[in-house]
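Labels A, B, C and D are assigned to the chains in the order they are written; within every chain, residues are numbered from 1.
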Amino acid sequence: MDREITHSQAVNEAIAEEMRRDSTVILLGEDVAEAGTPFKVLSGLVEEFGTERVIDTPIAEPGFMGIAVGAAMTGMRPIVDIMFGDFLFLIMDQLCNQAAKTHYMSGGKLNVPLVVRTNLGATRRSAAQHSQSLHALVAHIPGLKVALPATPYEAKGLLKTAIRDDNPVVIFEDKLSYQMKGNVPEEEYLIEFGQANLLREGNDVTLIGTSSMVQTCVAASDLLAEEGMSAEVMDPRTIVPLDERAILESVRKTSRAVVVDEGHQNYGITAEIAARISEKAFYHLDAPIIRLGAMDVPVPFSPALEDLTVPTPELVAEKALSICRGELVHDA
Amino acid sequence: MDREITHSQAVNEAIAEEMRRDSTVILLGEDVAEAGTPFKVLSGLVEEFGTERVIDTPIAEPGFMGIAVGAAMTGMRPIVDIMFGDFLFLIMDQLCNQAAKTHYMSGGKLNVPLVVRTNLGATRRSAAQHSQSLHALVAHIPGLKVALPATPYEAKGLLKTAIRDDNPVVIFEDKLSYQMKGNVPEEEYLIEFGQANLLREGNDVTLIGTSSMVQTCVAASDLLAEEGMSAEVMDPRTIVPLDERAILESVRKTSRAVVVDEGHQNYGITAEIAARISEKAFYHLDAPIIRLGAMDVPVPFSPALEDLTVPTPELVAEKALSICRGELVHDA
Amino acid sequence: MTKSVRKNTEQYLHLYKQMVRIRTFEENANQLYLNAKMPGLTHMYIGQEAVAVGICEALDSTDRITSTHRGHGHCLAKGAEFKQMFCELLGKAEGYCRGKGGSMHIADQDNGNLGANAIVGGSMGIATGAALSAKLLGTKTVAVCFFGDGATAQGLWYEVMNMAALWQLPVIYACENNGYSEYTPTSEIAAGSLKARAEAFGIESHKVDGQDVLAVHALTQGLVNRLRNGEGPFFIELETYRYHGHHVGDINRSYYRTKDEETAWQKDRDPITNFGRWLEEQDIASSEELSEIISGIHAEAEEAVQYAIDAPYPNHDEVDTHVFAGVKHALPYISGDSNGS
Amino acid sequence: MTKSVRKNTEQYLHLYKQMVRIRTFEENANQLYLNAKMPGLTHMYIGQEAVAVGICEALDSTDRITSTHRGHGHCLAKGAEFKQMFCELLGKAEGYCRGKGGSMHIADQDNGNLGANAIVGGSMGIATGAALSAKLLGTKTVAVCFFGDGATAQGLWYEVMNMAALWQLPVIYACENNGYSEYTPTSEIAAGSLKARAEAFGIESHKVDGQDVLAVHALTQGLVNRLRNGEGPFFIELETYRYHGHHVGDINRSYYRTKDEETAWQKDRDPITNFGRWLEEQDIASSEELSEIISGIHAEAEEAVQYAIDAPYPNHDEVDTHVFAGVKHALPYISGDSNGS
């Protein structure tokens, strides 16, 4: 049976269920216990599972990430809480040089089953060091899986899958959506990695959005409908692995695509997705693929500027419309 | 007058000249002084400039990177030596949260004129933590410039420009090329950022290669010539800024492109370049753009495996040939 | 009233004013938040005023400081003005950082403030680097690195202390121990002794009552003089307390600290009340004079707040300026337009 | 010959054998490099044998260690075999890591070796995490983190010491102080006292002669027993010396250390020579018996080297296996082929 719960509750349920199921699942991070994180996402867990499994750490991200790697190699399944995605920069060595490579470097003998739970998203007036969407960085590193839930349903299902995965998984939640509600079944479910979700069917253009940009694409498709255009909306859900087949199938049908992501555009997620489509659906394309990422500037504090840096439904619709109408021709 | 010197000598000369010219230029890193780095690139500098300006640090990359940021904000022009590109993961916070954003966050009041000198490149039998090519990570972060010299001439000219730049610049040298010789003028010169270099003119396909892959593309163009194909070879030299105009011009002429880079392919440099071409030269393309990055696996130690992970001239030529012949059709 | 006290009257009053300025600024900032006039969140410095003021009054404007997420106090103590600060907090173009930084990145280069920092511990290298510059350039200036007790958990501190000690850099590591790291008593997440951690690197270390502005100032003045003579680095642990929540939104705090504890600090150890009382006791100022100082500052703040509310936001075309020094607009620049124009 | 010595004869001989095994392995590895039979570079452990052996002999195979770029000694001391090790060094499929790791990443999970690490200090968190697992799972096992004097500069160490101390984890931080960080005397790049740095976190710390295998072993055995009883963590600084260069290619060392210094350590403080002499003095073994041990090990090594030279490389299709546990081939997998097949 379906019910409406928030993204935050969905995350909390996922962790609670997995901690009940598997006693090796532990949680590590700053203020994860009594405080339940600054976002209050983890409230109640320490009461149920105790401070041995819900562990408040010092403000030492590299340190507790390293400890999680070691714990994962020796029988635990740690969930590491990185309070803001921006702090990923602090754990890159432990995440990318150690966790990501251990299974390979050991010829398959050592596993590192851990989850890094963190977030992304701007427009919270938190300025340049608390607003970044850094998933492109980890997606580039072999050995890491990367999940980007866009709804409470996905937040729960992807996180449960991540916790059960025998590899390091980085999961980015959209910090602006913690209070967003959505349907989440009472019954247990998992969402397999590498399976895109088709939210809307359409014929004129495919809008591919990740995380926070999924709703932006849905809203854009509404705007497009008003203009008589039917847009297909696709959410890849995980970017490593990426459901290339589903994306190509859609674009081969619509012949046009707009790729939208909240990470910086330059050398970001939209580039990979656009490049794959351009290569592998080349003969089906009727127009250049449009990419919309966050503006390539540090996130400004001022609301007057910050709002300019993130793609909006209007912008997505406008770009989609222009390719549908054959207007966007850089090189004619 | 031209002479032949090694890549390593070119770097050494660039630093020595700039240190002579500007007393605020200093060098920081592990074993940069007496040892002149493990690659011996910096030999002799401490003798000329003393231990006040050529500073051996403890093995504390985040720490001396942070110190360099502060020194740069207050009047110095530090060159930070990161012994292996793989250790960039350790300095990401100081580089990307601090150095890259300070000018912006301060509304233009503070500058961070520093250079991070590091390297890239596999096939040195150094395994997964000493062989990575991580330039895509820094290229994604607004506020950083990223240079990829491919010859001794570029190594010197780009490094001198980097040292004079008022912003943080990350420059990646190909560690396998330190002993490679090339023409370098006696006279002083700089190479402007954002100016691609056209190495070969051709009509059938554009090969765009970065750093270590420039020579691979040149060799591939020789192979293609044997098959009667004329390839244009282009070296962007800097990936931030990227000389989009030159790249598009070439591809609009040849109608085909292969993009080759030694970073991992997935979410890497080749994606951005391919996506830009696909978007902005869309109506000129006769074939899908081929991307060749390093294989998306941690770099294996075994020579039998490692050599499979890096694009070779044969592979580049083969792919180029297949698009020239219209054979590579994923979606027909 | 001793002779030395008399001689220093002006300075004492200045210490007092500066502390009142900080508290007044913060009360207004909190009110802006409550009135939904300030974008985002901010971290109140109230309670810790004696630390910033005691230390910064021992510095020249050419000396450098680095600050934290709880940075308004440091910024004001180092000489910043209300107007540009409020403008920055509201994201206005006249702010110290043209609205691009906001509360957590406020910087005031002209007065030697290299900026607040939203990465806990993130400025430890920067302060140390500023000290390296001072040493290499021979400026005789010093650097002070402000950070919290929670920040001592960051490995960066140990890395830069090692280098500062080896290279004898003119830097003071000033740890404001307010007892809490966000919502956790730092005693639960810090083993051993903070002072011993610095001493292990051969760094001379001191502990001082951070609510006593004279004690903080005297200690700092002595250390700064020694830094200018080539000694250093030094570490100071300042015992202090934040009266408010971790940030303005942290209202229900009972799960991590008691109301009694909060009241006790405010009642017995308030740096402004106690210093005011001392000023009266020493006949340096009357209670009326102190009230006048306070109301003057209140009026100034009120005016600055209104100014900031009325001030314009930055123009849209500023969104991609200041990404790179020397480049007008970053967006065209990164795609190869060499002027970024 | 005392009673306790007699009782421990077997163990003493084992300590000796293990040290000889390490030295023999390293001499062969160096020769493989000189003969251009080994890909890449490697870091010789020769001179430091008493550290690895003294410590690892106090451990069970279920106890965990983490190792460094100079890791062959730790691997052997923890129970690894010559053949799989030489195979790994040559990048062969039968190596401990199927040739994917090589010298700098050699790991031997079955004997509790979680792997060498090419990031200086990179394993400090891993060892601490292994101790956390031991504590949470109640296994009564312990973890030993080997690292060099140079690695003490990495901030990570201070971060994890803090947590190990707070959570009373069963881990020993074992710092092999061989005096050098690559080509720099560590005294030039380390301020204060290493022991004091650990003690500042409330961690009981010891210093021991790393050339005296019995002293190292006795100290470690005592600490391990205490760890198993819930005490800990501990820090040990082991004074030792590497005879060879930083790596096999570091031949001309005169610019950073004198020949005299090298000779003195080798002549007076060689762990194997001195322990051998002691074994003879104590009548535990005759000089002939020791020679026999040595020649037996030499023969075993020779055979293992030849085995490794003849052994096959991994198949090409292994290049993208083991990227993800549970995924056969990573390349199809990352593009959405769910089996990666």
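The definition used in the following text is that a contact is a pair of C-beta atoms (placed from the backbone, for glycine too) under 8 Å apart; a residue touches a chain by one contact, two chains touch by 3 or more.
Being a predicted model, the structure only gives us computed values, none of them experimental.
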Higher number of C-beta pairs in contact (B-D or B-C) found for B-C
Taking each chain's centre as the mean of its CA atoms, the one lying farthest from the centre of chain B is chain C
Just give me the whole-number Å value for how far the CA centre of chain A lies from that of chain B.
-> 29
For chain A and chain C, let me know how many angstrom lie between their CA-based centres, rounded off.
-> 36
Please work out the Cα centroid separation of chain B and chain C, and write it as a whole number of Å.
-> 40
Residue list for chain C, restricted to those that touch at least two other chains = 97-101, 105, 117, 119, 122, 153-156, 159, 162, 166, 188-190, 323, 330, 334
Can you list the chain B residues in contact with two or more other chains?
-> 57-58, 60, 62-63, 86-87, 90, 93, 97, 104-105, 127-129, 142-143, 240, 266, 296-298, 300
Per the touch rule, the chain A residues reaching chain D in their complex are 24, 26, 52-53, 55, 57-58, 60, 62-76, 78, 93-94, 97-98, 102-111, 113, 142-143, 145, 165-167, 192-195, 240-246, 276
Residues of chain C touching chain D in their complex?
-> 153-159, 161-162, 165-166, 188-193, 196-197, 199-203
In the complex with chain B, residue positions of chain A that touch it = 86-87, 89-90, 92-93, 95-97, 100-101, 104-105, 127-129, 136-137, 139-143, 239-240, 248, 252, 263-264, 266-272, 274-275, 278-285, 287-291, 296-298, 300, 329-332
Going by the contact rule at the top, pick out the chain D residues touching chain A in the complex.
-> 64, 66, 95-101, 105, 107, 109, 114-115, 117, 119, 122-134, 136-137, 143, 155-156, 159-160, 162-163, 166-167, 321-326, 330, 333-338
Show which residues of chain D lie in contact with chain B when the two form their complex.
-> 39-41, 91-92, 97-105, 117-122, 150-151, 153-155, 181-184, 188-190, 255-256, 313-314, 316, 318-320, 323, 330-331, 334
